[in-house]
Amino acid sequence: RRTGYPEVVYCKGKRIEQAEAIMVGMRDAGLPVLGTRASRELAERIARRFPEAVYEEEGATLTIGSLTDPDEREGLIAVVAAGTSDRPIACEALRTAEFFGSRTLFINDVGVAGIHRLFARLEEIRQARVVITVAGMEGALASVVAGLVAVPVIAVPTSVGYGASFGGLSALLGMLSACAPGISVVNIDNGFGAGYQANLINRQKVKHG
Amino acid sequence: RRTGYPEVVYCKGKRIEQAEAIMVGMRDAGLPVLGTRASRELAERIARRFPEAVYEEEGATLTIGSLTDPDEREGLIAVVAAGTSDRPIACEALRTAEFFGSRTLFINDVGVAGIHRLFARLEEIRQARVVITVAGMEGALASVVAGLVAVPVIAVPTSVGYGASFGGLSALLGMLSACAPGISVVNIDNGFGAGYQANLINRQKVKHG
Amino acid sequence: RRTGYPEVVYCKGKRIEQAEAIMVGMRDAGLPVLGTRASRELAERIARRFPEAVYEEEGATLTIGSLTDPDEREGLIAVVAAGTSDRPIACEALRTAEFFGSRTLFINDVGVAGIHRLFARLEEIRQARVVITVAGMEGALASVVAGLVAVPVIAVPTSVGYGASFGGLSALLGMLSACAPGISVVNIDNGFGAGYQANLINRQKVKHG
Amino acid sequence: RRTGYPEVVYCKGKRIEQAEAIMVGMRDAGLPVLGTRASRELAERIARRFPEAVYEEEGATLTIGSLTDPDEREGLIAVVAAGTSDRPIACEALRTAEFFGSRTLFINDVGVAGIHRLFARLEEIRQARVVITVAGMEGALASVVAGLVAVPVIAVPTSVGYGASFGGLSALLGMLSACAPGISVVNIDNGFGAGYQANLINRQKVKHG
Amino acid sequence: RRTGYPEVVYCKGKRIEQAEAIMVGMRDAGLPVLGTRASRELAERIARRFPEAVYEEEGATLTIGSLTDPDEREGLIAVVAAGTSDRPIACEALRTAEFFGSRTLFINDVGVAGIHRLFARLEEIRQARVVITVAGMEGALASVVAGLVAVPVIAVPTSVGYGASFGGLSALLGMLSACAPGISVVNIDNGFGAGYQANLINRQKVKHG
Amino acid sequence: RRTGYPEVVYCKGKRIEQAEAIMVGMRDAGLPVLGTRASRELAERIARRFPEAVYEEEGATLTIGSLTDPDEREGLIAVVAAGTSDRPIACEALRTAEFFGSRTLFINDVGVAGIHRLFARLEEIRQARVVITVAGMEGALASVVAGLVAVPVIAVPTSVGYGASFGGLSALLGMLSACAPGISVVNIDNGFGAGYQANLINRQKVKHG
Amino acid sequence: RRTGYPEVVYCKGKRIEQAEAIMVGMRDAGLPVLGTRASRELAERIARRFPEAVYEEEGATLTIGSLTDPDEREGLIAVVAAGTSDRPIACEALRTAEFFGSRTLFINDVGVAGIHRLFARLEEIRQARVVITVAGMEGALASVVAGLVAVPVIAVPTSVGYGASFGGLSALLGMLSACAPGISVVNIDNGFGAGYQANLINRQKVKHG
Amino acid sequence: RRTGYPEVVYCKGKRIEQAEAIMVGMRDAGLPVLGTRASRELAERIARRFPEAVYEEEGATLTIGSLTDPDEREGLIAVVAAGTSDRPIACEALRTAEFFGSRTLFINDVGVAGIHRLFARLEEIRQARVVITVAGMEGALASVVAGLVAVPVIAVPTSVGYGASFGGLSALLGMLSACAPGISVVNIDNGFGAGYQANLINRQKVKHG
């Protein structure tokens, strides 16, 4: 594996036996495994075989083992989400970042319509080395946060919203057009991608530092 | 005129003599006149005939007289703009609102990437009966402001930006999807429409109060 | 709460226990509660606990108490809808405006293809301080109504229609491009947003008048 | 020529000598000629050779002769346009319909924002066998007119407008989604197509009647 | 009714009792009734009450009586459809045109990929006073047919196809951009609109001829 | 060069000296050179240095030498274009195919609105081993031709047209959705790509035959 | 049949008896039959009648007989697919190419994110006369492969992906914009079209060689 | 300044005196200054006043001083660009990263159509702590590079290309949909944003390491 990281199994769009077979194969080869968009049914099958497997339903992640021991995770990544409906994507980001070796902090329900809630958590957020913002609708959270922190922000647009949100398009375009520098963007609903990239950034220090 | 207001001349897309003729006709009929998207050349022609005409180049508005005496304008409308490039649209909104009888306040350069600048002006903004927000790119200003004031917000997306801003589309979709209630939106770059609507709202009090 | 208004619960996309818990929490804290996009099942659960709760199925709104006593509502808001299929959105707007303290008038089935029906109701509509127009397909109702009344029009595009209506896009673009001034627009199917904004405008008089 | 009609020369996108050569060739072959989107320069060249050529600058049409003698034109086509900026397209439609043998009536500046102006002309419009509506922005004129007349309406969306008008897209989608039956639509700015189709419909009577 | 025609009931998006009540009301008032997008279940309910009702499942039309006696229908409308999947829309057009008083001819499965099949039916098609073309995917049928007949063509894009057909968008844009004159277009899948417009054109002769 | 072919210089978007330098460099290295989208000015510079250079203005191609001797070109490629405005793209395809070693045939002005013109040339077209169709607007030519020949069709949508043609989008979507099999599509206005691919297909025979 | 090939039955969107009837009719007429997008249920019905029928579930193809004897297939077509989710479309392409007489090679799971896997199979791929690339998401596989082989590449974008993949649009646009020459593109998910076109190209040799 | 960095002047869309005034003001306040999208004329004006100013025409950046001494820049950022036309954006990224304190490496002309050129530079690229990929058209470079390196990739889509590239949209969607993890994306043509974000990531080490 050239990039130094194990592959991750994107379970959606695979038949349940297919997904199971791949995860089992990797585990039997001694690798830690991360499955995303995993169904409860898949989790149950895997649990029968690997009691150490952990399923987190909200983010639909299923892990067997981890790349780093939880105690040895280093560097804090803050995941800042606008509202309740953004939680599943935020959770996917959190579990991904942890799996690859980062510590995480979850700040929820701090959408910009009630900006005092965001300010109330600002000192916590400023402890992080990377901030992931998760928001649908107009996605304004990314701009506001990036203006308040001095570290890289990874923005995840979500498909939360209706009408002119066009399945996440409004948030995506907004985040790409953001007036604050220090933001880069991943695909709509791609919590995994954000967690992975944030961990890469965070782990720089470890490798080069 | 059923709606109780004089017509406004949208000068763009009209030949200069056409625009001049319409404005002269209205003025000769004793009406105050507002021309939008007026060129300097048109302004000079009109000025020769009506020395009382006022041309504001930044917003490209040209007025001859006004619906209300400046001293008698009532009720404050705040026009809050994100950045320097949004100024022309903000000015169009300001002059329109004034022409129809509102007092105005202009708060510029308070984009959400530096949100402390917005907070520094918040008490002033809260004096207004209606707030117009003018912003391009991700248009996040509308959501943030609407969450901070208790009066109606009229949001004007602008075509400022490039790439994924798609000529104002990102700001438009963002403002329509805004997570804060109390926002309604006008067309991209439509400072006139925002000023007109804000004045209508502001003048409610006068008519019904 | 900075804006002086209680929060509203958007029930769609929340699990039923989640929505219930939030509404119960607010009610127990002594607040009046408005839930939008509420299912019948949620309404039944809430009703068991709060017999004073009112569910209006057509608009899918669920209220427990109200911000103002129905007798004390002031200022008329007219909700003018094009056709039968626009009724759910119109009802959401009506119930929202009432909840926050406005009186309302509902004018239905006055789409512009049979414009005499609209004219037949014009005097009634002209009693209102704010007019909400609700229409899908080409959304022409907003332009026509705004040309006939002297008060602010809040336009709600709906996703009614098929083919080139593109889920409300044709109505949305039409309303934003409307040739009549005095219109501002909310998101597709956002009856709540229109009712909220119309109430804000209407209540101006009360606060400042 | 299978369809019984001479070809029409679309001059835009052709070099001036190319356009001239085609028109001269057709005329020398004894045919009446209609050129659309013709420049003044082309018109002058043609006029030198064919003094009977007629150039109408507003609609940019250039004709040499006509399919029918003006006195023998039959059946009235009404071209109803929303505003001043729609005039060029309306004129293209008028001249095309006349060239192919129809009588025409031009009703201008009757956009739906001031619907009383449309009503003032309604009896005239009702004399027509076919009505062409020409409008940009939200294109609501087509729906309103189709609801008021009992004959086919051909709707021409124009690229007039800015922002959310998206170069005629809002008018196009609106007209296609129109809630009134009896409308069919041609391409954005295609005055020629509307005039041609309206004439075909009008001339039915002559051929079959 | 200003336009001289009874209203038509668009049954989709109405609850079954709603649709039934409207149809019954109209019939009881002595009017012939046309319901489009009618379900089998609605048809059965109506049939119990009005044995003369006719349901055509393929086009989902439900009629009770007719505006003209079948024997007295006049003037032929040809409905030319590209493929099997376009049949439901073609049938909606056919039944609508007949209901309002036109005779019809149905030519199916003559898509342009096998153009000899179209040529084999050309003489039949040329008997018609109006031609309706029904096609999805690239919608080329409209251009080809319009080049072969001397009467107006009403083009109906359908949502048949996948991928780049984008739910009828490719056919819609193609028909609007068609290089042959004499085409006007209705909404995607709007067989009713095409049948109605074609009948209006066809009936011209009767009224004015 | 892995693919066995020399590189081609896309001159647009390069400064004239840049383009010149690249072409000179290649030629000096003994390679035949093909420049596309070349300006007359560039052609003149190159001609001063390489008198054997050939500039074809209509297609804006500039060649110095050729991969195969004109006499040794083999296998016929037919380039079939809808109208005069499609000629530049057709010429780019023709010159590209010839440069790489194919014989070509150019059939112009056979748009589907006058399909007899296409049929008149069908026997010629059927001599080709590959057919390139070049058309804007609705792009129907590709479907019709593919239904008439037994060889691969490469379809080039062009940006010819206005309004709903959306700069070639209508033709592109139409060609991709085409109901006839045996079509594959290149980018809008990409005459070069079509000529290159058609030559690859044609030359198969030579390499493997 | 002008094009020398039997028709293929696109089973989706046809009722099962309809599809069955067509296939039976063709088979009874002595033709080999290929059905695409065939359901298991249809396959079972056909199998009862024609035991020689072959159903391949992954690609949803159903064949009865074949145009050429498997032993007589000539010329290799490589189908190169990016990932597991692209397999169904790849299989449709494989079975189509075989049915019409080509030999095939299937290379799976060689997406560009792990480009060494593609290189490991490059020599095999280079045996082919035509290469079909099947990929969703960004569709980069087409560009990379076309840069590595000297034969025509047919690119099939798939609807695999989410968010900004927009149902295959990102892959489609990417493949059309590809920076490598020698690529032409078929519709999103159109494995059939790619297999058919690749076979046409491959079979050139046989006919002309 | 909350984020610890000086502001950058985006010169486009500002009048030349405006841009000059801002830059002079910042410099007089003792700050290093970076202007992007600066014209040659602006550069000359600034140079007259500040001889230490440096203008790089290709990337249109204008700097007066620098945040860090060139000798003290730390950590390598590789900017990898697909082709000549992407150079201006790549240069904007390079100069931005340097200005804020990073060392840089520029790898040009390594588009995926000739992937051996990319492989030839791979060892160099692998020295970097962050890689910026700059590409238009299909933007495949980002996916390929991210699959080959173990550090974060910042992808910049460019507006290079025509037709289906839609001004950078194809590259943007492709990069967002990329099948390789470890990529995040900035706005179309936003070299500044990429350079800024890459520097933030790179400097992590310094601050936290």
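The first chain written gets the first letter, and so on, giving A, B, C, D, E, F, G and H; residue counts start at 1 in each chain.
Everything that follows uses one rule, which is that a contact is a pair of C-beta atoms (placed from the backbone, for glycine too) under 8 Å apart; a residue touches a chain by one contact, two chains touch by 3 or more.
Because the structure is a prediction, the values reported are computed rather than measured.
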item: For subunit D and subunit E, chains touching each; value: C, F
item: A-G or G-H, whichever has more C-beta pairs in contact; value: G-H
item: Identified repeat of the F-H interface (over half of residue pairs identical), from D-E, G-H or E-G; value: E-G
item: Farthest chain (mean CA position) relative to subunit H; value: E
item: Whole-Å separation of chain centres (CA-atom averages), subunit A against subunit E; value: 51
item: Centre-of-Cα separation between subunit C and subunit A, whole angstrom; value: 36
item: Where subunit B touches two or more other chains at once, by residue number; value: 2, 114, 147-148, 163-165, 172, 176-177, 181, 187-188
item: Contact pairs between chains, per stated definition; value: A-B, A-C, A-G, A-H, B-C, B-D, B-H, C-D, C-E, D-E, D-F, E-F, E-G, F-G, F-H, G-H
item: In the complex, subunit F residues that touch subunit G; value: 2-5, 8, 75, 129, 147-152, 154, 172, 176-177, 181-188, 192-194, 196-197, 200-202, 204-205, 208-209
item: In the complex, subunit A residues that touch subunit B; value: 82-83, 111-115, 136-140, 142-144, 146-148, 161, 163-166, 169-181
item: Subunit E residues within the subunit G interface of the complex; value: 84-85, 114, 116, 160, 162-165
item: Subunit A partner contacts - residues on subunit C that touch it in the complex; value: 2, 13-14, 18, 157, 159, 167-168, 172, 187-190
